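Common to both upcoming complexes is chain A, partnered first by chain B, then by chain C.
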Partner chain A sequence: MDAGQKSFPGRRRRNTLLTLILGAVIAFTLVLADISFRSTSEWSGWMLVVGCLFLYLYSIRKRWSTLPVGRVAHWLQFHLYLSALVLLLFLFHLDWQLPSGWLGVSLAIVFAGTLISGMLGIYWSRVVPGLLTRLGDEVIYQRIPGIARKLNTQADALIMKSVEETDSVALAEYYENTAHRYFGAPKFQWWRLINSHESQHKSERELETLSRYMRPEEIAFADELRDLIRQKNLLNAHHTLQGLLKNWLLTHVTFSIAVLPLLILHIVVVFGFAAL
Partner chain B sequence: MALSNVKIERRKRWDKPFAEDWQDEQLEQILKLPIFAAMEEDKFPNNLPLRGILRNDTRVVHYDPGDIVVREDDYGSSAYVIVSGEVSVVLPPGLPAHLLGRAESTGPEGWLKAFLRVFNRSDYRETRDYVQKDLEIIAGLHVEHGVARVRLQDHEKVLSDCTLFPIGEGELIGEVAALTRSPRTATMVVTKPSVLLEIRWQGFRDLRKFDDAFRERIDNIYRERNRVSYLKALPYFSSLDEPTVERLAEHALLESYGDLEWKADRKAGSNTVPDEPVIVAQNDYVDGLLIVLNGSARIVGKFHQGKQTVGFLRAGDFFGMSEIVAEHCDPQHEAHIVHDYSLTAIGHADVLRIPTDLVESELLSNLSDEEIERLQRDCAYPSMSMDPGLMEFFGQHHYTNGRSTMVIDTARCVRCDECVTACARNHDNNPRFIRHGRHFANLMVTTACMHCVDPVCMVGCPTGAISRRVDGEVVINDETCIGCSTCANSCPYDNIRMVEIKNKSGNLAVDQQTNKPIVKATKCDLCVDNLGGPACVRACPHDAMMRIDLTDAESLADLLARTTNFDS
Partner chain C sequence: MKNRLQDISFRVSRYFRPLERWHCGGLESGNECLLGPNKLGLCGRIADCEPVKDGKAWRCTRSEKEGGRCSAGPDPQGACGNQRPPCTPTLSFHRSRAHYARLAMAGALAVALAFVAFDFWRSTISAGPLSKHHASFGEQSCDSCHSVAEAAKAGWVANIAADHNQADSGQCLMCHVVGNDPTAPHSLAAAQLAPLQQAAALKSSASGATLPAISKAVFGAPDTLVCADCHFEHKGSDSDLVDVSNQQCAVCHQNSFSSLSAHAQFDNYPSVRRTAIIFDHNSHLQKHFETEKVADRAPAGCQTCHALDSDGKDVEVVGFENACQACHGEQVVGTNRASGKGLPMLSVPGLDVDTLAERGVAIGEWPDLSEADVTPLMLMLIGANNAEFAQQLQRVRELDLFDLSDASDDDLRLIYHMAWEIKRFYFNLQRQGASAIVKLLSGNDGEQNQQLQAMIGLLSPAEVDSFVAAAFPNLQAETETWLRESKPSLTLIPRAAPNPPPEVAAAPSGGASEEFSIDDLSEEFSIDDEGDEFSIDDEGDEFSIDDEGDAFSIDDEGDAFSIDDDEGGAFSIDDDDGADPFADDDDEASALHADDAPAANNVIEIVEMRPREDRVSAGGWYGEDFYLYYRPSGHADALIKSWTEFMLARSKQAGAIEQQWLKSFSSADNPGSCFKCHSIEKQPQQAESMMVNWNAVQSSGKKAVGFHRFSHQAHFNVRNTGVFDDTFGQGSCAGCHALDSEADSAASYQQMQATVFQSNFSSLDKDTCISCHAADESLQTCTQCHNYHVGERGFAEVSQGLDAMIGRDETSVENE
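Presenting the complex of A and B:
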């Protein structure tokens, strides 16, 4: 096992310290330059460009799986801590003020979007895997729609069988009026992010109440339906949490791609006007 | 609707004999061979008669000069009796890998090739360059009497450059590998037209079990050829002189436990140590030092009303040494020493038992005080803990067989599938593993080749396409794989997949005669040709994936730390 994997807190402490030192050096240099009445915006601007290019390299590295250019995990660490320095440079470049002009504002918004989506991503990538693990069963994301369809079919068949064999429609009515909505296409349930099991508890309560009005043989079918609802709830939880992990990345990548043309345009405009 | 039971005939061992075409007179001729003529038929039980073993567990195979009978490093599943003709052992340095149907170990590819591979990827899955050319790429591969074998091309010239040791009629060959399911130590090639009786290992073990003379003969061969060198290679035994090791080897008993045809326990949810064949029981008198020859074993202790797994042993590990050393260091100790724990076979295990008094007089008395202290430390048992779940999990599913098991920490894994993508990029656009498997707490053992200590997948490969490299990686030579699925069916963990192959234009390759798709066995190869090692581990952005040796104490401690951190 790689030694680097053994102590994540140790790695975090080391990288944070290194970033703080580098950040302090950058801040000290820029403040010193500012005190000596030099223009720091050009310096911070170019440093920002270089920083952004290095941030883009992470995405390229992921496609170089055949080359021995270091583990992606190390590149991600570099990407994360460099982002913190880039944020600092960004604030210095803005001179700690809100930007003006449509290009400046657009660039700042897209840049902020990239950073915020990135920070949210770090948070979710640390929290959501734990939530997924605590769900118990693992499900491959791409298989979720197929499993949902199968559960739906099983539930339909179970209810038909229940009506045929018990000659009672208590469970069938409950399924048609209420429980049917638990099935169908996988749903995004935001409360999964706070580890809530409300949906499961609600269906349990409903079935428990209903069981008072069922025939004894119908209760066995209700238990099977409860199990199917539990499986569907689990599927919804996986759909929500795994979907979040995939979709934040899409948002982050979209923002970061949008930064590039605006950044080039910004440089062209700045140097175009400087020439004038 | 009332359900009724369906009565079917229970499957029996000999429902599918090794050969279908045995004639009575042919069997009588075989029984006249000196090796079988000396056997007493009444020593065999009624349900496993000698004739039954020969009829069902053997087959007669005809060979031509140049045919390879056994290949060096192949895992043995059969022994052979030379009925007529001559077979020669190719003495070291042996035949080059490509002549044996193996991929030659050329080391990782160069930087330029690796760089070009980033951009030069096929649009289709499982494409092969050689499909464009000729499918008959396996030089010398031919099938006779339903048995696929490799014939050396221009064998007279090839063998003239080798040192050969001829073996003639009536001799037994390949017996040690068949007995211990260990790698063949040399290649054997037919040098004169020959007829061989192939005995599969099930029958071979029964012959050894019921015929004393045969057992003695086999054990003597094994003792002479292997036991001394095996003991000499073990730690602490290596410092002993040759006559001492020979004395120890002479008195060592070879014992087998469990079933060689074990399959990993597929039933999930059992939370108790399964009933495995007991090698020694807790509190039994320590009558000898046990050395695991092959397979793996579990150290089990009584814990309240149940049994707890304390640790795992595999080839080369000692059991009972701790107790023997403790007694040796305490001369006042008068009572009989007993085993602190039980030892059971996981699936199957072969052990050597060396009598306690010999260990004390020949080994311990020859070691210095420092060496004995070190031995005591090395052989100390891990203490039983209140959190043995992970150990039980690994034991229950036989994961202790893995040398390089892919484990994912699901509390760090963001399910991004970068590992799967990286694997596919390196392997014909088709990943060689499934990011899914059994899990314990936050650790998931994926469906990926574990490069086992006891690679049962290698037993029975007709062309030697699946082999183990020097560093232990089990790899498949795609060009010599004939798609027979033997390895895929043998793998107890279902980690080998059969895939249909295509040419670079995406056209399916089909057999010229049957028009059926050509299939190949594929599995994780630990990216042996890659400059940086396994692409999956390198591609994981969150350090969630590990390839670990599950019997390595340090790796296990790291895994335990991960589960503990998750639980807390």
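Presenting the complex of A and C:
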């Protein structure tokens, strides 16, 4: 790290402080303007438009990575802290009340969806990578369905082999009646966000209980099945966490794009009708 | 961990390109091919490899990641031995995101277009439900307030460039009346606001409002405000359209404060002017009802004379009939008035006919018995068509019309013209009726003037005929002759020495056959008009008129007409033949001769002849003593009111005659006693115009409001039992309105400035308000007690179409 560069916490403190100061200045200005009967809704509205344009510019900056307009990482920081100011302006623009009117409500919902998905995205992009690291294994998101199918096939084959070699159906019945649900398509398990391993523990307990009724030669097959279940749980965790990281952005982009037509119509209507 | 989910070593794991547009369809099944689909999303390869020819044989090129060389190897034609079934490539996740973004854009665009494209666009683009005050407009009536609503939608875009800081509030003001200058601070013009600012500057400058001070320093106080700056519509039915914060008020005010306790002490509140009705609470509550005779009429409490108005805000006077009639009703109609129950409106003034005749001032017949003054109205009427003459007539009031011996020639000429104009006036009045007066007062449009019609309407032709006949028996002939001769000019006879007496000049109407003689020395007066004898001989207190010819005869020697005051007041009138000056034609039954008294065995009660003023006790016109009087019919007499308004309207440009008429007419001692209670004052902003306060409170659809707002009803609820308490206890009205027994409120009406006064009540104490309002911050807002817009408030006259649209009628307007 260069001497002139701050650490991440340092940058975050600095940026947060700057954002808070700027937010306070904006809020104070709007309050003062409101007292002097200035049209704060108009002021906050235009500031929102400008803020949104800069937020959109980040997306463009990402696509045109060759543009000599600063590093994308800086743009992202700017995007994040500007979003906080935009949220403040949004609340001022709404006069801290719920909006009304079809157009107003629609725009507010879409705009709020953009902001909320963005805030969740910030949170998840900070938390989820750590959770993924803790999982201890890596997998490409797009390959998860194929791997799940492969695990399913392996489990089926394992149980068939177990029946053939041990002449016992205890493990097979367990697989048929209970363990089969652990396999199949990858599942979204929200508790992965809190780093819960309940699913894994539950299968462990089931196999532990079942082991008392197994023949000794079945125990080995049970251990293999336990490992497959563990892998499937791990795969579900990847599916959940990676899915979050990918889909919040999809939601965020979708909302932010939907804002544009409604925002333009809102401006036209507001200013078109402003002059009574 | 025994197994990894995915071996990502480069020898085993295939390289994955997430940003590629298409992915192999076998990806989800874990059976994707090595090369994947092409850029068009078509399955590119269905074999594991592309064998290469090595010499004469084909060699497998499958990579080690795919398992290395396959056992089958290429066929003799060089085709891969591991052919796969073709797949359907899928869009990559990365590209899916862009796809969904486009879909979102298209969907939002469709929604936006739908909002404005269909018939329900007014509902969809509406900023929200209207407040309950405007809810009746409905969501489909945008154009009621927004002028661009029905314009082509492209016009909305063009309007963006408009200057929104000067947004037009005209649409609001089509319905709402909010003072004279709605967009100016407090709806007051700068000239009106300036004295208020100066007065405020003199008060304490306690300031507890920091934010407004900063705001004012940064942005400055607004010079003008449009309606939408303060009134936010489309916030729902329960929204408050007048939600203005204390800080917003403080940004303009020099003395700002953050709480009611810092508010300046009230200055003579709530009295901002003297009461419209001249009423002394002290005398009425402490003096007038002390005598036993009227003690039972004493008010039991405030409620006796006051009541809440319909909206519970103001306490109004219950009206003359309910509050004052019992004691003052008879005063108005003059029942107990000794004399002079009517107002002298017109007259045939008494003139010094001897001197006039002596000086050759031929005014024709003139009742030498008249002792009437020329009324100001009379002068005003005869001078109505000639401004120069009207100016000259002002001198008449300075002359002694009963002794013109010292009058100058100019004065005599003036009297000459005045006399004939008076005759012409009565001539016209007889022939045209009351419209003659109306025309004089307002020109040719007079007949259209309803106010003037109301003023004159009750003057009956019969009354006029009777009055004129008594004063001018030959008015028609005289006036017609005078007019035919084109108002002959006057040639005055030089003032003669005391002896011999001057010759008598013939009146124009008299002609050559008419004789006119005056014998001052013998005090005999005779007129011989070709056989008609007219003689007056007051020597020996005798009075005789002998008209045995065709005109009339009065012979007080016989049974026709006799007055003998010395003989015990016997009085008899016989008007069978003559025209009695007092026109008793309608009293045939009562005009009984003493000689015609019935026999003693058939007693008929002789009804007492009552004065004419008493015979119009219900009000109306009557002639008496060469005056035409009007007696008020009762309280709120339409004629008196109309005359007063008319004269007040003229008072601004009136000359001395009008001023004098108004002064005499508006005297509190006049019959009707209107101005004993109804104050006259100079109109605000129009110092030269005066107005009469006919009502205690001027209430109408357009109600003038001041800076203060107060609901008595709401305060009854908190101070007492929620009702208008009718006692004088501290818990009711007197709890706030303390009587100031030392105040001389009557003195306030000795001048015309309504705002220079002394109230009957002490100023309200601020602490009285604080005792309750300090308990809740929301009760200390500026708008809790103050109006922003002052002046005339209400609804403008709007088109019937708009009224119908919003379902409003006149009643609802008044209620609002």
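Everything that follows uses one rule, which is that the second predicted complex is superposed on the first by the 264 of 276 C-alpha atoms of A that agree within 3 Å, B and C clash if a C-alpha of one lies under 4 Å from a C-alpha of the other, contacts with A are read in each partner's own complex, and residues count from 1 in each chain.
The rule is short, and it goes like this: contacts are C-beta pairs under 8 Å (C-beta built on N, C-alpha and C of every residue); 3 or more make two chains touch, one makes a residue touch a chain.
Worth saying up front: this structure is predicted, and the values here are computed from it rather than measured.
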First (chain B), second (chain C), both or neither touched by A:L103: second
Which of chain B and chain C A:G272 touches, first, second, both or neither: second
Partner chain(s) touched by A:I140 [first = chain B, second = chain C, both, neither]: both
First (chain B), second (chain C), both or neither touched by A:L91: neither
Contact breadth on chain A, by residue count: chain C or chain B: C
Partner chain(s) touched by A:V25 [first = chain B, second = chain C, both, neither]: neither
Partner chain(s) touched by A:A157 [first = chain B, second = chain C, both, neither]: neither
First, second, both or neither for A:L249, with chain B first and chain C second: both
Chain B versus chain C as contact partner of A:R149, first or second or both or neither: second
Contacts of A:P129 with chain B and chain C, given as first, second, both or neither: first
Set of chain A residues, in rising order, touched by both chain B and chain C: 138, 140-141, 246, 249
Parts of chain C lying in touch with chain A, wherever the complex brings them together: 1-6, 8, 16, 18, 23, 26-32, 92-93, 96-97, 100-105, 107-109, 111-112, 115-116, 123-129, 142, 145-149, 155-157, 159-160, 162, 164-165, 167-172, 211-212, 214-216, 218-222, 225, 227-230, 234-236, 245, 247-248, 250-251
Residues on chain B engaged by chain A in the complex (per definition of touch): 111, 114-115, 117-118, 410-416, 418, 421-422, 425-426, 435-436, 439, 441-442, 444, 530-533, 535, 537-544, 546, 548, 554-555, 558, 561, 566
Touching residues (chain side chain A, partner chain C) in the complex: 31-39, 42, 97, 99-104, 106, 110, 136-143, 145-147, 149-150, 227, 231, 234-235, 238, 246, 249-250, 253-255, 257-262, 264-265, 267-276
Interface residues, chain A side, partner chain B - complex: 1-2, 4-6, 8, 62-73, 75-76, 125, 128-130, 132-133, 138, 140-141, 242, 245-246, 249
